[in-house]
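Okay, handing you the structure first.
Chain IDs A, B, C, D, E and F follow the sequence of writing; residue 1 opens each chain.
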Amino acid sequence: MTSWLPTLQTATPEDGYDLAVKLARVAVKATQPDAAVRDRLRPEYAEDADALIAVSHVVATHFATVAAANNYWRNRT
Amino acid sequence: MTSWLPTLQTATPEDGYDLAVKLARVAVKATQPDAAVRDRLRPEYAEDADALIAVSHVVATHFATVAAANNYWRNRT
Amino acid sequence: MTSWLPTLQTATPEDGYDLAVKLARVAVKATQPDAAVRDRLRPEYAEDADALIAVSHVVATHFATVAAANNYWRNRT
Amino acid sequence: MTSWLPTLQTATPEDGYDLAVKLARVAVKATQPDAAVRDRLRPEYAEDADALIAVSHVVATHFATVAAANNYWRNRT
Amino acid sequence: MTSWLPTLQTATPEDGYDLAVKLARVAVKATQPDAAVRDRLRPEYAEDADALIAVSHVVATHFATVAAANNYWRNRT
Amino acid sequence: MTSWLPTLQTATPEDGYDLAVKLARVAVKATQPDAAVRDRLRPEYAEDADALIAVSHVVATHFATVAAANNYWRNRT
């Protein structure tokens, strides 16, 4: 089976950011495995400013990890 | 007695993520040891977008620790 | 296509702070891609003290990452 | 007088986790020194999912510190 | 034009703390540029315990960054 | 004038924890300088579980900084 998270290394900072977004979403699936429930909740929080800011905070926490894992992509040329 | 947390080292990033989810859950048990109460609360927060995002944040904080403990799995081949 | 995030390196701390603000906003776009919805939500949270403080927290988390990526701009003269 | 926190070093990750739980609780005592008030509040938050998740977040923040203090228990054999 | 953030280096820990307070405030300005609105919101959150604690958390996050940038002011004599 | 924060170095982990509690409180003073208002708010949040947990989180964030500043007090004998 393919892993959904084979590595924290990404080619670019932008890819690292996308990975952070993914990492934030997977925890929600782990707590609420029912896709139908998640689909029902989605429009609710996607139109709620507080929820959007809270999601952004989770992404920020994961991005810190991914960025450190990639040495902040310092060695790109 | 076997420890529920013998090590922070995991073979893969995905295993590290699963450990972060576990670390988030154990703190809830420590504060609310009664399994019956936890079972009663579970459906409540599992259908609440704000609670799911908050859980995701806790997982993100633990994942940062586990990832650092594993040197971000940089030496995998 | 040009990347919105080619690098975490910035010339100055102030530029790094601006990048942190940008990083906080992009996660909102990823969760709510509809610009019309975001525009509708904006006045709501921009006049809500709790939301403004929450945004400030997300910026702080990203600024920590950007500052580390730039070695805290220690080598500027 | 014996210190309640003589060291951040622990023998095992599990002990480190228990220390993180303790560190989270002591701050509550510092802000609310009256044990009777704390006892009154306890059942309230112990049956509130949002509060339990919030406690879990505080534990996660302390666990990051304790784990770093112990070099993530990497040298255990 | 003078930068509001020329450096993260400060002479003392106390100055570093003041800078953290400033960093927390600037993000609010970035999201709500209208000074009149900010002035209207200020008394509201300055008398709200939850908001004050939330502000304190943002300051704590920035202080971590500023302290690291200054090597925790370890080399002061 | 004596500084309220001359150093982040403390003799013991327990002293470091006390400093973290102090760092959390000072930010509240910076935002609400009026002691009479703060005194009025104190009983309110000191009897509110959510507020106590939030304060504990701020302390945890500062404790991480203070512990790092002291190299986790590893060199004590």
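To be clear about the criterion, contacts are C-beta pairs under 8 Å (C-beta built on N, C-alpha and C of every residue); 3 or more make two chains touch, one makes a residue touch a chain.
From a predicted model like this one, the values you see are computed outputs, not experimental measurements.
Among the remaining chains, the Cα-based centre furthest from that of subunit A is the centre of F. Between the Cα centres of subunit B and subunit E there is a gap of 31 Å.
Note on chain placement: the centre of subunit E and the centre of subunit F lie 16 Å apart, centres being C-alpha means. For subunit F, the set of residues touching two or more other chains reads 45, 48, 50, 54-55, 57, 61, 64, 68. Because contacts link each chain to exactly two others and close back on themselves, their graph is best described as a ring.
Traversing the ring of chains that begins at subunit A and proceeds first to subunit C, the chains occur in the order A, C, E, F, D, B.
Subunit E meets subunit F in the complex at residues 12-14, 17, 21, 45-50, 52-57, 59-61, 63-64, 67-68, 72-74, 76. Listed in rising order, the residues of subunit D touching subunit F in the complex are 3-9, 23-28, 30-32, 37, 41, 44-45, 48, 50-51, 54-55, 57-58, 61-62, 64-65, 68-69.
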